[in-house]
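The next part holds the structures, each set out as structure tokens.
What follows is chain A paired twice: with chain B in the first complex and chain C in the second.
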Partner chain A sequence: MIDLTLHILRATLSSATPVMLAALGGMFTYYANIFNIAMEGMMLTGAFFAVYGSYFFGDWAIGTLFAVLSGLLMAALFAFFAIYLRCDEFITGIGINMLALGWTTYALRSTFNVKGALISAKIVPLPKWRVPILDLFEPIGSIISGHPFLLYLSFAIAVVLEIVIFNSRFGLHLRATGEDPEATKSAGINPIKIKLLATVLCGILSSLAGVYLSLGYVALFSENMSNGRGWISLAIIILVKGRPISILGLSLIFGLFESIGLILQHYKLAPQFAAMTPYIATLFVLYLYGKRKRKMEW
Partner chain B sequence: MRVFRRVAISIISILTAFVVCAILIRTQKSSPIEVYRALYTYGLGSWAAFSSTLNTATPLIFTGISAAIAFASGVVNLGQHGQLLMGAVTTAILGVYLNIPSWLGIPVLAVVGGFAGALWAGIAAMLKRHYEMDEFISTLMLNFIGEYFTIYLATYPFLDRKAYVPATRLIKRVYFMPDFNGLNVAFFVAVFVLVLSFWYMKMTRQGYESRMMGYNVEFARVGGCAVESNSTFVLLFTGFLSGLAGALLILGGTQHRFMKGIGANFGWDGVMIAIIANNNVIETFFYGLFFGILKNGAIGMEFETSVPSEFILFLEAIIVLCVVGTRSAIEYYSQAIRSLTKLRKVVAEK
Partner chain C sequence: MAYIQMTKIYKIYPPNVVALSGVDLSLDKGEIHSVIGENGAGKSTLMKILYGMIKPSSGEIMVNGQRVQITSPLEAIKLGIGMVHQEFMLIPSFHVYENVILGQEKSIAGFIKKKQAANHVQEIIDRYGFKIDSNKLVSQLSVAAQQKVEIIKQLYRKADILILDEPTAVLTPQESDELFEQIIELKRQGKTIVFISHKLDEVLKISDRITVLRKGQKIATVENKNISAAELAKMMIGRPLSYQIKKSQSKPKREILSVENLSVRSRKSDKEILSDVNIYVRNGEVVGIAGIEGNGQYELVQCIIGKIKPDSGRIVINNADVTALSIRERRRIISYVPQDRKYVGLALKATILENLIMTHHLKKEFHKGFLSLNWKKAKSHAKDVTKQFEVIYRDLDEQPMVLSGGNQQKVVVAREFSLGSDLIVLDQPTRGLDIASTEYIHRLILEMRNADKGILLVSADLDELMQLSDRLYVIRDGRIVAHFDPNEVDAHTVGTYMLGAAG
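For the complex of A and B:
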């Protein structure tokens, strides 16, 4: 029983990471008042290019670099359509997501000549880190230590961003742009520049989420690998109104649901029901939130 | 004039998309001309190809109209995928066990499938109405839940043990929808639904109210539209259309049974079609046909050239972005130029 609990908690951290990274990325665009739903697509291209780099160059670092570059490219595309061509942000987001799905599915077939999933020993996963001091305290050490390093980085990013958003010049400019771009313009800040920066940061963080999916969680790429995690991260952002530290908390809750689902699979629950849990959890959390809001209004 | 302008913009943007894709095909070391020729031959080249294109386009027209009506009413129903699957699985299961004559069975099964889709959308409608949950996230989540749920049904309780992949049993032969010279009756149902939807949106009071809600919800509310009940109705109706698409896919398609992956990408294709068509029901129909040509031609393209059929998914996304980008850029910048010249004139007069 204790083993099981430890296992669940360990898996919780791991499943929370990609959702959290994508949500942190979307947090920037949320504060800049861009209705960005392209995290799903950015994550998917990130996952693909991470595997691409890792497969052909035999190095996870090059994979990560490729993924980040692809995230930048997707962000640039989004910015080009939404900010310069003045397309509807929602529609652009759907277009970008479809583009990512189409491109990765096509490239998987044309580059690697496989359908469905690419599993290969040539894909080098992210290195795992042991946390030096925590290792000594047994139950905690076995939960926290030995994850891919990106996990520690993303938890650190969440905490740093909490400070950056609420206590720095950039954070202030970002939130001001979201509140009223005209007013920020009169204060000498270029709102287009801030929006561009927010989109780029979203691209980078979302593609890192993809890296974690394809090189950290497992070492493979499969069609439509992100499988709705981008949408869940969007739900998280809307629920917590963008606050980074709350994103961290809520992502952990989602991670918990996902890992419980995966564990239940070993106890005669059909795998399909296990796979459903994160989505049901999202609906459930939204329901609780709606109920509370309703009560407060009365 | 307005129609002419819209058609012109559509043609320009589709040409842009094809040029962009030609460059990409070139970088993949294939010949774009051969690819497009194969797309044409297998999508439109003969009556056999054309009728098969119309069959392919049928589910796209349904999901497209479903998305178009929803978006035009300001209801962001993105759950076409899940609703379609629920409709398909219901029809597929009932089609195995139901025992009534063919003339009654086919319409009953189709309508029941539609209602299954409406029910699935109804969950989102209920959550929206009673708990103010955004239908856009709840329908998305229901897509995933629906997908896994239908796969579960086809894998465990209703599994056909003789099939090679998880699938339900073949529906009774009497419920197969007839073909006319290769063109399935399902297509005519799609045309009927198009007329019905057009009538609903343009001729009825509720359709008018829905369109007003699409322009501005608050204004519609103040103007006396029953916003809550209208959006519930729109969700149910668009869910019904998607469910019907799934039901006809079973009754009139080629598989006649529910199997994993039968919903393909119809849900998102429908959303993309509605977006390109600017939520206009008639335009949605024609873009549905256009996507049908691409999808059907893709099979031939893979056959003739070295480009895999997955390329079409990518091409579709490029078309969406090009059409939307070109349209809004033309609108925005022509407006900007017009106001600038007007400003110059006013300044010059003073």
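For the complex of A and C:
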């Protein structure tokens, strides 16, 4: 039982990471008041190109580079349509998500001649870090130590962003842009530039979420690998109104649900049903949130 | 040499809307220069050009004898030109100091030292004698205080010229007086102030020089010596101001509206928005509600209309208790001009005809068969009322979007006043309208009053209330704090009650 608990907690950290990274990316666009739902697609392309780079160059770093470049491309696409051409943000987001799914599926089949999933020894995963000091304290060490380094980086990013958003020039400009672009403009700040930057940052962090999925969590790429995590990240962002430190907290809760779901698969529960757990959790949290909000209104 | 010289400024919006036509303006250092004109005369456009927000079609701007291109507000700020807009450019969820430093933050490696920034802003606030706490949230400040934050923002940016776009439009008389003292203090400390307004008494009170615009053209720049309000008005609207409201004594007989012990509690903040409100309106009188915006007058109107259900109290119209009735049932007996004409008063995507027939369509005479409307009758009705209420339009099938603000409001007023209800509820009926339309609507309100209707008038414009009302209530913090005959009090007394400064 203790082993199982430790296992769940360890898996919680791992499951939380991609959702958190994508949510932190979406946090930028949320504060800039861009209705951005493209995290799902950015994550998926990130996951594919991470595997692509890692497979052909035998290096996770090049995989990561490829993923980030693909994230930038997706962000550029989103920015071109939603910000430059002022198309509907929601429709643009849907377009990006569908493009990502179609493109990665097609690329997987045409490049690697496989259907469903690419599993290969040639895919070099992210290196794992042991944290020597934590290893001395069991069982904490066995929960926290030995994850891919990107996991530690992600948690650090969440904390740093909490400070950036509320204490830096960029944070001030970003929040001002989202709240009132006209007022921001009159203060001599270019809100379009801030929105572009927010989209680009979203692209980078969401594609890193993809890297964690395909090179950290496992070392493979499967079709539609992001599997709704981008949507969960969106739900998280909206629930916590963008606050980075709360994103960290809520991501852990979703991570917990997901890892419980995964464990349940070993216990004769239909895997499809187990896979539903995080979404049910999303609905449940949304329900609590909606109820509170309803109370606040007239 | 003038400090700032704008020469032959043209602004033409394609294809052929001329906003400014060869306007000159010169500002001397350390003067208070008023720019006056009706809505649409081009005051704001001219100032936005000086502030770099609008690009002129042609023309030349000199600052200190140097020809300059002001392509953005940033550029204007660098030249020492600052503008306080009519609509505040503030971020409500930010602290005062954050709003002030926004865009001009001093930072170390991109991070702001919040405490230092707040102190620095506080120093500026104190130097010019403003009474504001730099650590407060802007959303918690009164409108007058928010306006000061806007001025402080420009001072922080080292503006030497401050353009104030209709700063008193949103203030009570007391707040306006305080602002004027502040403006004179700024002048004493060497700032140049451009004061945009259409309130002539204010302009005459504080200006050194006055420039008059009309329909995009400069009529004159005059010294503020030996000039009267009447002369200015004539320059401004091109004809003498006809508008001196004369009212006969009202002779009310019966009560039309009675609001009894009405209370409304907000579930959001758990504060009482309306507390034990008692008012009445009788036939043949205009009853005004004065108050600083956000003190419950909007909610009071919504209660009468039926949008908000009160927590306690009663609303009686024509001796019938309507508290439990739906909006639709009430609208058969209430004419209502809402404050938001674009989204509540009108359906912008429907046609003018449809807008004119709304609510009337509930009447039997416009029905045809079981489900349809008698469009022929509707059309002739629409033609009659547009003629009667002087609505200028090209085609009844066009959308009200194509109409000017004044004509949009006339569509709403025409529809409501032609309903024939005994009770007319008016919420900010002339907000944002030009002088001619305002004058016209005032005349209509009095006509309705003389036709024995009971009129409830909510307005932020105290002059309007003083001129039109037979009785005047003052609302503050959701309570009726005073009840006057406007003939027996002056605007300042009413202002004292609005501010809660009276014993």
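Keep in mind that, in the parts below, the second predicted complex is superposed on the first by the 294 of 298 C-alpha atoms of A that agree within 3 Å, B and C clash if a C-alpha of one lies under 4 Å from a C-alpha of the other, contacts with A are read in each partner's own complex, and residues count from 1 in each chain.
The criterion applied here is as follows: a contact is a pair of C-beta atoms (placed from the backbone, for glycine too) under 8 Å apart; a residue touches a chain by one contact, two chains touch by 3 or more.
Treat the numbers as computed from the prediction; the structure is a model and nothing was measured.
> With the two structures laid over each other on chain A, which partner does A:F35 touch: chain B (first), chain C (second), both, or neither?
Neither chain B nor chain C is touched by A:F35.
> Have a look and say if chain B or chain C is in touch with more residues of chain A.
Tallying touched residues of chain A, the top partner is B.
> Is A:K185 contacted by the first partner chain B, the second partner chain C, both or neither?
It touches chain C, and chain B stays clear.
> For A:Y106, decide between first (touching chain B), second (touching chain C), both and neither.
The answer is first: A:Y106 touches chain B but not chain C.
> Please work out whether A:L85 is in contact with chain B alone, chain C alone, both, or neither, and reply first, second, both or neither.
The first partner, chain B, only.
> Classify the contacts of A:F149 with the two partner chains as first (chain B alone), second (chain C alone), both, or neither.
Touch partners of A:F149: none, neither chain B nor chain C.
> Does chain B (first) or chain C (second) touch A:F170, or do both, or does neither?
second
> Take the contacts of chain A with chain B and those with chain C, and give the residues found in both.
none
> Report the residues of chain A in contact with chain B in the complex, numbered from low to high.
Residues in contact with chain B: 77, 80-81, 85-88, 90-92, 94-96, 98-99, 101-103, 105-106, 108-110, 227-228, 231, 234-235, 238, 270, 272-273, 275-276, 279-280, 282-283, 286-287, 290-291, 293-294.
> Chain A touches which residues of chain B in the complex?
28, 76, 127, 131-134, 137-138, 140-145, 148-149, 151-152, 155-156, 268, 271-272, 275, 307-308, 310-318, 320-321, 324-325, 328-329, 331-332
> Mind listing the chain A positions that touch chain C in their complex?
Those residues of chain A that touch chain C are 163, 167-170, 172-173, 175-176, 179-180, 182-189, 295-298.
> Along chain C, where are the residues that touch chain A in the complex?
53, 72-74, 77, 83, 85, 88-94, 98, 102-105, 107, 110-112, 114, 153, 266-268, 308
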